[in-house]
Amino acid sequence: MVLQQLSNGLTLGMVYALIAVGYSLVFGILRLVNFSHGSVYAFGAHMAMLFVSMQFGIIPAFILSIVLTGILGIAIDKMALAPLRAKKSKGIAALITTIGISYIIQNVLMITFGSQTKFFPKLFDFGSIYIGGVAFNTTQICISGVSLMLLLILSCVIRYTKVGLAMRAVEQNQKAANLMGIDVNFVVTFTFFLGGASAAIAGTLISGYYQIVYPNMGFVAGLKAFSAAVLGGIGVLYGSIFGGLVVGISESFAAAYLGGSYRDAVAFLILIIVLLIKPTGLFGKKGITKV
Amino acid sequence: MKEKLSNLSNRINAFIESNKKIVYPVLAILILGLPYVGSSQYILRIIIMIGVYSMLSLSLGLVTGYAGQVSLGHAAFYAIGAYVSALVSISFNLNFFITAPIAAFIAGICGLLLGLPTLRLSGTYLAITTLGFCEVVRMVLLNWESVTRGPLGISRIPKPSFLGIELTISNFGLYYLMVAFLALTTLAVVAIVRSKMGRALMAIREDELAATMMGVKTTYYKVAAFVISAFFSGLAGAFYAHMIRFIDPNTFTFDTSIMILSIVILGGMGTIGGMFLGSALLVSFPEVLRFLQEYRFVVYGAVLVVMMRYRPQGILGGQKKTPYKLPKGGG
Amino acid sequence: MRKLVGLILILMMVLTSFAGCQSSSKIKIAVAGPLTGDFAEYGTGFKNAVELMVEEWNKKGGVLGKQVEVVVFDDKNNGEEAATIAEKIVADKDIKAVIGHFASGVCMAASPKYQEAGLVEMSPSASHPDYTKEGEFIFRNNTVINVEAKVAVDLATKTLGKKKVGILSVKTDWGTKTAEITKTLVKDAGGEVVAHQEVVDGTIDFSPNITKLNSAGAEVVIVAAMYNSLAPFATQYKAVNPKIELVGFSNAYSQQLIDLAKGSAENIHFPTIFFHGSADPKVAEFVKAYKDKYGSSPSSLTAQAYDSAGMILQAIKNAGKADRTAIKDELYKMNYPGVTGATKFENKIGDAVKTFTMVKVQNGKFVEVK
Amino acid sequence: MAFLEVKGITKLFGGLTAVDKVSLQVEKGEIVSIIGPNGAGKTTLFNMLTGVYTLSEGEIIFEGKIIHNRTPQEIVQAGLARTFQNIRLFAEMRVIENVLVGMHINTHYTFLDLLFRTKKFRSVESEKHRTAVEILESIGLKDKMHNYATNLPYGDQRRLEIARAISTNAKILLLDEPAAGMNPQESEELLRFIRGLRDKGYTIILIEHDMNVVMNISDRIYVIDHGKKIAEGLPAEIANNKKVIEAYLGRSE
């Protein structure tokens, strides 16, 4: 029983890690928590469902949703966040803007797709495998696999590619990077694209696993993913994986032993405790106050 | 458009400033006489809700508008006030005017609880913590069934009664109760803002480190702002519970917190009048613009985005043209 | 302080210019429910059903010779909205009764106003035990939990013949109450409740709960939840244990359940007071009329709204005058043969007494269980 | 024991020693300048004096009381106020409000006083407002008291920062490059104002780059380079001290 709960927790954790990556990417570059990330994740899932219902195959629908959600990510930045940066407005202005955006996206989804819970085809379903009495559904394994692969690709892009170097430079110091000839705007746009794309992948995978899609799926999942990102140290990619697993496992154990109605509360308690004790999370770096 | 708006609000202030002696009494008569203008109970109820949201936005305004600490979980204090007042009045059948202060007091203590993290957190981290706190409060209300009856909620909460008369909307009792509570909240917030505490809160908003160097105990004032704002939000919650007479965990959701925040931002952070204007606009607009019913939350979201982009200081916020009011003998 | 004054002045002018409600001598029936937001599908179902019933009556000359008009209100499943709408409905003298509010909490936020003003409120879906205690004017044309739970337990223990019973309930007033009553009924029926898992409404991941129920050896799981929870639960449970039997309740009995759960919905059993394929001509006629007009088949809650409208119009006819109090009195005297079975209200309590049929899902369609 | 006694204070950031065993004394009523090349650790020294950073080593004693590793609030209460290298005023607050915040620690009335507008509240408020106007008048900002701090020209903002430091009725003023960005005429005016403060009994510690400001206002000068004190003494001695010149102009290899 404990092993099975652990496997449930692992899958859940991978899912949160995948969404958490989006938070870490944008926070890393702009020191901004993109509150609308949860609704972008829901948007990605709905796009995939739309293309599947238009008789596109799973993979074309998947790719189309990734591209479209990536473009949505860019649109969010260009239309609402970039002007604020240009105006040098206060930090809370950007945070409140992203809250506004998440409301707009979530409710537009609700209006266009209706409020019912809709069907989403199962992804990678080849039955279950039993290892030591614990049922591992192939979808679970595939989700974890795809998530890990995506996180590795992202880490490689950031560590070894030219644009990755540019991203790390912009993360350290935007002005300096700009002086060195790095097109900061392109890097920011690319980061939002990656954020949107990873959200779409997470959205499609999760909908494929649970086989349902509904407009406000992004709200609670987004919050839990955020607590995973903070736990792992926001801005640190591999931190998100670790954070996601901790939140996922503790949630499924809480659901099993404390009862289903406590699972959301556990994720929020972890978030509050981590923020109180070590806001920079497990792998984050401590900033120095400069006067 | 921007200049016209600020000129308009400045001309209004100038008008009010110049003949203060006439304006306040006229306003008092107007407010007290309003229910007798013969408008239907439906409109009276909307006006009462505008009052409730004015109380909530005034208290959130103290924390977010004046002290600059974004709180996304203010519905938690609203809920705590409602639940405590309802539960105490039902289980010990005490009169509303005893349970409401108790509820506000306990909400204030919870404000202290939530205020403590401000010792270490600011900006985004604090905002998310308050959001987490609000969800945890909702979970407690949902799961602590022995006390809060969980999902069953609390039904048939007694109406507030004053000297034996039950206050309802039809006998205008609830309207005058709201006006009393709103006046209490406004006077308290204005008193705080126009004092060394108000200046300290604004200094924290402008530059917390500079305020510390000037000797302001920033943590004490931030926590105090949370406690006072939680107290008045709790009071508003108590009033609401006894008005609507049935509450359950779904009455107080994240949407409520965001609605209060939208009011503070639309009206103008760091203003008092802005809270009334924001509440009036955002509470009445779904009723007035019927066709926008479906897009209500899209509009709230749009308000946040557009305001932050074009007028972050809100309709009434921003630098005032009128001179600083020196106290008598202070000139 | 100075700014506040100016603004209050403007605000007062704006608000008092609202259009007051005009009144004319017509018979109006109000229907109130969520037309936007999370539960829009249920509110829309109420609206469609009431409009269909009124249309049928108007074709036959309306009631007392007057055409009946339906007035629709969207409460967005929010208590505050419902209370505001209640004020508006009560103020319009032509509105003789209101069919609605969807969720119990929302109904109960509005009931005090309806009771105080003496206007019949009939909810086709409220299930909270205290709902009808507000007063005589508060009715519900919905299944009473302990009657329906009895049928569900019989399905699990007798029809499916399983002894080890698991329970999954959603943490809403209905879910919690139903689970509580089901536990006692299972013991009375000689079964054993091996595990009871509670989930928050809107949960989609049931793996921890399934693991608990499965390892407790549940042979059948009685699920007190709507279709948006029952469908994913069925899919995920059958992926782990294909032989598990599931029993739902009438409010999960709708076409969307099959659309969502697809193959996993096979053999799920339900107690219901409304069955699409029923031999009763009235039901078949209603299903056909509804499908022709709205393109989708009605759920049991929609059918209950349809009957509610029928009962109120019948009450007006029996009373001979469109008077709110008379309607209330007539309802208590009536035994209304509707599409959801014979419905009557006993000794001044607004809870409907219903007869149930048993239904199960067989290769993608609802089939009656003999 | 000097008015302000700093004994061997050190500050380490990770491996870097920002300030290395610096000792200095300041007598009451003196104007002392601290000079040194950019990045020498002057502002870090100020931050250690005012409680922004805790000390890794050493002691700071002011009027016989230990003030190192105390909270900034306690230090400003003890009578040590500062201005900042890059101006940190309360931008969206009025000029007079900035000064009033400076007087916060000496504005004594309780929460209940302010809530019920008691006589004590009203008398303390009007008294503090009168003092604030006097301070603004002494620094020539009285007619601009209704403006918002952010709208003031650069020179006025510098002077408002000083006014705010004075309003805490501190005994020692730590001015971090007050003349920075000022034209000769403005810095001449500032010099006169600082001398005026010294005559009113204030003790002043100055960080400054503008040599002619330093040379003709300071009673004594300390020179810091790479976190270490390399010289101290009267302006004349410092002007031709070999080590100081090297530190500034760099060693001739």
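Each chain gets a letter, A, B, C and D, in the order it is written, and its residues are counted from 1.
Just so we're on the same page, a contact is a pair of C-beta atoms (placed from the backbone, for glycine too) under 8 Å apart; a residue touches a chain by one contact, two chains touch by 3 or more.
A quick note: this is a predicted structure, and the numbers were derived from the prediction, not measured.
Asker: For which chain is the distance between its Cα centroid and the global protein Cα centroid smallest?
Answerer: B
Asker: Which chain's mean C-alpha position is the greatest distance from chain B's?
Answerer: Farthest by centroid: D.
Asker: Using the stated contact rule, I'd like to know whether A-B or A-C comes out ahead in C-beta pair count.
Answerer: Looking at contacts between chains, A-B has the larger number.
Asker: Between chain A and chain B, what is the separation of their C-alpha centroids in Å?
Answerer: One centre to the other, that is 33 Å.
Asker: Please compute the C-alpha centroid of chain A, do the same for chain D, then give the distance between them in whole Å.
Answerer: For chain A versus chain D, the centre distance works out to 47 Å.
Asker: Starting from the mean Cα coordinates of chain A and chain C, work out the distance between those two points in Å.
Answerer: 37
Asker: Would you kindly tell me how far, in whole Å, the mean C-alpha position of chain D lies from that of chain C?
Answerer: Taking the mean C-alpha position of each chain, the two centres sit 72 Å apart.
Asker: Pull out every residue in chain C that's touching 2 or more other chains.
Answerer: Those would be 36, 171, 200.
Asker: By residue number and range, which residues of chain A touch two or more other chains?
Answerer: Within chain A, the residues that touch at least two other chains are 111, 259, 261, 264, 289, 291.
Asker: Please output the residue numbers of chain B that touch at least 2 other chains, ranges allowed.
Answerer: Expected reply: 142-143, 209, 294.
Asker: In the complex formed with chain B, which residues of chain D make contact?
Answerer: It comes out as residues 50, 52, 72-73, 76-77, 81-82, 84, 88-94, 96-97, 100-102, 104-105, 107, 109, 111, 114-117, 121-122, 125-130, 133, 145-146, 148, 151, 164, 168.
Asker: What residues of chain B sit close enough to touch chain D in their complex?
Answerer: Per the touch definition, chain B meets chain D at residues 188, 191-192, 195-197, 199-200, 202-203, 205-207, 209-217, 224, 270, 319, 323-324, 326-331.
Asker: Can you tell me which positions in chain C touch chain A when the two form their complex?
Answerer: That would be residues 36-41, 171, 197-200, 202-205, 207-209, 211-212, 215, 227-228, 231-232, 235-236, 239-240, 256, 259-260, 262 of chain C.
Asker: Show me the residue ranges of chain B that touch chain A in the complex, using the header's touch definition.
Answerer: The contact residues of chain B facing chain A are 64, 68, 70, 72, 117, 120-121, 123-125, 127-129, 131-133, 135-136, 139-140, 142-143, 209, 254, 258, 261, 265, 294-295, 297-298, 300-305, 308-309, 312.
Asker: In the complex formed with chain B, which residues of chain C make contact?
Answerer: 1-9, 11-12, 14-16, 18, 20-21, 35-36, 74, 76, 79-80, 83-84, 87-88, 90-91, 103, 105, 108-109, 111-112, 116, 128-130, 133-134, 171-173, 175-177, 200
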